[in-house]
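Multiple structures follow.
Okay, so chain A shows up in both of these, paired with chain B first and chain C after.
What follows is the complex of A and B.
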């Protein structure tokens, strides 16, 4: 066994209480195998990588159990013997490729440093580097070696890091969310490269991810973690196709499918408790959110029991769970073409001039962020805008909101042309159009309470409302967005990610807009919380007949929500039309490539595709 | 009742548990009380001359007079009383001058960072040029133009040191401008003035407080230098700089008449710097995270 954990427990000392952040984790990873650690943020999946690298946060310690690498104890061994292993026999691929490389050093210098450390003779180094970079399909190694990290794209940096990680032919590679920060098409390439290297060099791979579907394609075995506990452990295919633990089932069901009939996503209530909340969970840690929980679940910790050889589940009730009632089919019929047009964009474009230096000379070329495009949004219609980073989809949102002035073209709202920046057009835009920002952490002023945040727009009115009215409005909005009214006096730092995003949406709803612009509003959320937010948007559509421009990189989510969609690349619309039609029969090569790059729900469909590269 | 957010409550907690903040704040409170109650605390009128008992040593020395605990100067004036009354001048200048510099610097910084473009360019270049002058020389030139007097010294400090606030706070405004709650407020129909006051200013307030307390220490030193060269208070007012200047000629016979005012300046500046440094550590999110 390359890596073996036996009843590993990691605890955090908080005041006088000890909280088990990772409880009783056992697994073994054989050479040439890929083990997936799947879980939502805060489940403890990164903790194992930190135990290996001895990089546990302060106050964290290994309570009991052990972790061994090729028979050598990693927990008790001396720092010297451990650091001899790290980087040489055990390598890491990080989550954020751009920050993992030193921006002040060329790729070559960082690579040489690593080769020196693993004892490659100086004369062999250039050849080794070129070969390693070719293995990760960087076809012009000399140029890459001479570059600084910021001159390369995120995907290229990640390939460099993979090349460095595999340079010493390690026995084990730990990859912590290696594709989360990257585009879909880049993700496919990275996965393909890592799988290829791992097979060629007989490396064992520990693949940490939040994406169950991705893990099902990449891994041989999967370990599902919830609140620091292994809830299910088994062959990847079995877990993905027939999950047994209620949490794994919920995780699988909460992810919208890129194919098949659309049904309303079942979503779990609340969210996973934070570390401090683990202490109060006496029995099964999933019990408070479990749809099938019984009184005993709240008091007794269930054991991890093998149901079939090789497949273990931490739930005694698996056989008693009846198949959940078939959820209702979803209506995403295209808005009636007779319903009125709310937003109309004609020939809309944005060109960013190159910045000029002190002498008036242009520094680099300008950027066509959005090339001329036309589209309409009708009342109650959800339009998806799909594209990878740099496709101009966020600039489009800023143009619609009036945060950028268009280089050409016009926007009409409710039949009125917004041709000048006057008080009336501003008023009209404010009353009709609102925006939900991507990152609620940054979009909510940390010094405002929830009440002040959701009713923030009232402060911009000339006439002041009485405070009771403002409070009542805040309560109504919290109610409408599924938030408890008790949260009204809280501050953003006291809310979970999902709650913050709901506050973010509630704030946009305060003016009762007819159209919302949502820029990647679910990309930072866990799957179960994402399902809650998506369903909230559908409910709003049913109740308020609100329209939505939904900007996303995730095709399945767009398919779930939107009846029509626009595919953008490099600022240009490459395909536009009804979602079902585009999914059934994509016309443009780029759209086809995008579909091919996303991991399919069907495990028999080989993924990543042979030629995953888009660029 | 003021409801504090968890964040500000935590910040208060960090401030109150910081030995730097506590020591600095205690010293400043004591100095403020001394300045406020000077007529009751001082044993003599600071200008009363007792020509029969000049250059008396402080109480622990042999020829000391118990009526003058810290001794007397060349004109037989009570050093303790003059020190006590000098606190008034020092704190007056510290508070008024630093607040004035803060006001000018912060307004320009917020406007500059918020609007960007040409306005930002103009203000930033003005700061660059301003900062290129040596401050003491600039102060002397200004005072020659404005004339002597303690209020002129305050004006000179404001005119010179607004740049310190402007530069530091502008960079913090730029950081805040990258957060999405600024465009969010624009979309919600907030006017420029409202965004600056309600969204940006609260975010930079911790930094303003920190720079303010450091600036107060600087103002105390500048005032002492200016009264030393006779550009500040009139010669019949007790100020620490004046005391040092008066004692220069008799420094060798009566060193205490120089040591005490220097000690007072040292203590006051130390108090402000301790407070400023402590506040910076307690309020700066980046430092808080690093220290766990």
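What follows is the complex of A and C.
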């Protein structure tokens, strides 16, 4: 076995209490195999990588059990013998490729540093580097080697990091969310490259991800973690096609599918507690959110039991709730061509001039961020805007909100043409349109209470409202966005990620806008919370006939939510129309490639495809 | 790189023109508004009103303010700072003697400050969380709490008088003379004339004032470097280097320090300006014949042409230091030199 964990427990000392942040984890990883660690943020999946590299946060320690690499104890060994392993026998591929390379050093210098470290003779190094970079499909190694990290795209940086990781032909590679920060098409390429190298060099791969569907395609075996515990462990295919633990099932069901009939996503209540909350979880840690929980679940810790050989589940009730109620069919509101048009964009475009240098000369060409495009959004219509980074989708949002001045074209709201930037048009825009920002963490002022945050927009109105009225409005908004009224006096730091995003949405609803602009509002959320937010948006549509421009890189989410969609690439609309039609029969080569790049729900469909590259 | 640096310097030089014009006008105006009468300070006792008037006319002080300013500016552009009213010598001659002395002193003070600041910052970082950091942190507070002129006096007291280790008056021991003044930079001159005894004396005389100036910038550099090291050590690329088994000392020196040094570098540019201001009092305390001392003499005697000239030179020096820091920044930060990834 390359990597073996036996009853590994990691504890955190918090005041006088010890909290097990990872409890009783056992697994073994053989050469040439891929083990997936799947779970939501805070489930403890990254903790195992940190135990290997002995990079645990302060106050964290190994409580009991052990972890060994090729028979060598990783927990008890000396720091020197561990350092000798790192980079040489055990390598790591990071989550954020753009920040994982030193910005002041060229790729070559960082690669040389590593080759020196693993003992490659200086005169062999140039050849080794060129070969390693060609293996990760960087076809111009000399140019890449001479570049600084900021001159390379995220995908290229990740390939460089993979090339460095595999340079020593390590026995084990730990990849922690290696594709999360990348575009779909890049994700497919990266997975392909990593799997290829891993097979060629008989490397064992520990693949850490929040994406169960991706893990099902990449891994041989999967370990599902919830609140620091393994809830299910078995062959990847079995876990993905026939999950047994209620949590795995919920995780799988909460992820909208890129194909098949559309059903309302079942979503779990609340969210996984933070580390400090683990202490109060007696019994099964999933019990408070479990749809099938019984009184005994709250008091007794269930054991991890093999149901079939090689497949273990930490739940005694697996057979009990097989027949979960089929979720109701989703009412996909067609874009009713009779309902009134809220927003109409004609010939809308944005061209960013190149910056001029001191002598008035342009430095390089400008950027066509959005090329002329037309579209309408009707009352109660959800329009999805899909594209990869650099496609111009965020610039489009800024144009609609009036944060950028269009280079050409017009926007009309409720039949009024916004042809000049006057106080009147600005007021109309703010009354009709509201923006929900991507990252609630930075969009919510940490020094304001929930009440102030959701009713913030009332402060700028000319009419001063009595405080009771404002409080009542805040309560209504919380109620409408599914937040408990107890939260009204809390501050953002006291809210969970999902709650923050709800506050963020509630705030946009305060002026009762006709249309919301949402830029990647679920991309930072865990799947179970994502499902809650998506359902919330659908409920708002039903209740308020609100329209939505939903910008996302995730095709499945757009399919779930939006009746019509726009596919953008390099600022240009390549395809536009009813979502159903585009999914059934994509016309443009780029749309087809985009579909092919996303991991399919059907495991018999081989993924990643052979030609994964879109560029 | 060379082209970019040149472009940057040209840009800086062009920007310097309006700045210097403003400063010169401001200094000129303020000095004329003060109830200062340079002639009264320099006429011998018993001079008549006629003598007084004649002197006023000979210095052009009877003309209107704009006229005076334009005449001064016109001469300035020809490289003529005019004549000192008090010393009765061309201002250019006075400045030419004092400027190398100050440049030499500031250069050494700067070097000392950067060395102390960077090594202290690194030491504070390496001893983080232990008593060493507490001691260093305390010492930066003490260094910052005491102004540099007071440091000058303390240094004289302890290292000049109580423990007579260093001389503290002038630039050179009185019994030594320089064979030929070549450049005015005594370190350079004594080295060129191959006189070790001279060089030693020059350096010993500069030690205390340079140290007093260094104390003005070192503690801030230490603190900024320490805190940016604390930030960079948590950057992804540092973690990633650690995961490749790179040794801790190499991580600090090769990965964390160069990145953490960038904010420190911009601080050095700002502090450089303050250091020139610091020379005024420090030079006076050490009777060091530089620009600062010249300035004090000039102010005491209401010697307007000298005050104007020295103020303008200080301004040029501050702009120059900032331009140099900008060029260094350009050299060490590739992001300023090269284009980023294609959008």
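FYI, the second predicted complex is superposed on the first by the 610 of 615 C-alpha atoms of A that agree within 3 Å, B and C clash if a C-alpha of one lies under 4 Å from a C-alpha of the other, contacts with A are read in each partner's own complex, and residues count from 1 in each chain.
One rule holds for everything that comes next: a contact is a pair of C-beta atoms (placed from the backbone, for glycine too) under 8 Å apart; a residue touches a chain by one contact, two chains touch by 3 or more.
Remember, predicted model here, so these are calculated numbers, not experimental data.
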**Asked** Of the two partner chains, chain B (first) and chain C (second), which one does A:7 touch, if any: first, second, both, or neither?
**Response** neither
**chain B versus chain C as contact partner of A:53, first or second or both or neither** = second
**Message:** In the overlaid three-chain picture, which partner chain does A:127 touch, first (chain B) or second (chain C), both, or neither?
**Reply:** neither
**Request:** Could you look at A:87 and tell me whether it touches chain B, chain C, both or neither (first, second, both, neither)?
**Result:** second
**Asked** Which partner does A:439 reach: the first (chain B), the second (chain C), both, or neither?
**Response** first
**Request:** Using the touch definition from the top, say if A:347 reaches chain B (first), chain C (second), both or neither.
**Result:** neither
**Which superposed partner A:96 touches (first chain B, second chain C, both, neither)** = second
**Asked** Touching chain B and also chain C: which chain A residues?
**Response** none
**Complete:** In the complex, the residues of chain A that touch chain C are 53, 55, 83-88, 91-92, 94, 96, 99-105, 113-114, 117, 148, 150-153, 161, 164, 358, 364, 367, 390
**Asked** Along chain B, where are the residues that touch chain A in the complex?
**Response** 3, 5-8, 179-181, 183-191, 194, 198-199, 202-203, 292
**Item:** Of all residues in chain A, those that touch chain B in their complex
**Value:** 58, 398, 401-403, 426-427, 430, 434-435, 437-439, 442-447, 449, 456-457, 459-461, 489, 491, 493-494, 507, 511
**Request:** Would you mind writing out the residues of chain C in touch with chain A in their complex?
**Result:** 7, 11, 235-237, 239-247, 254-255, 258-259, 332-335, 338-343
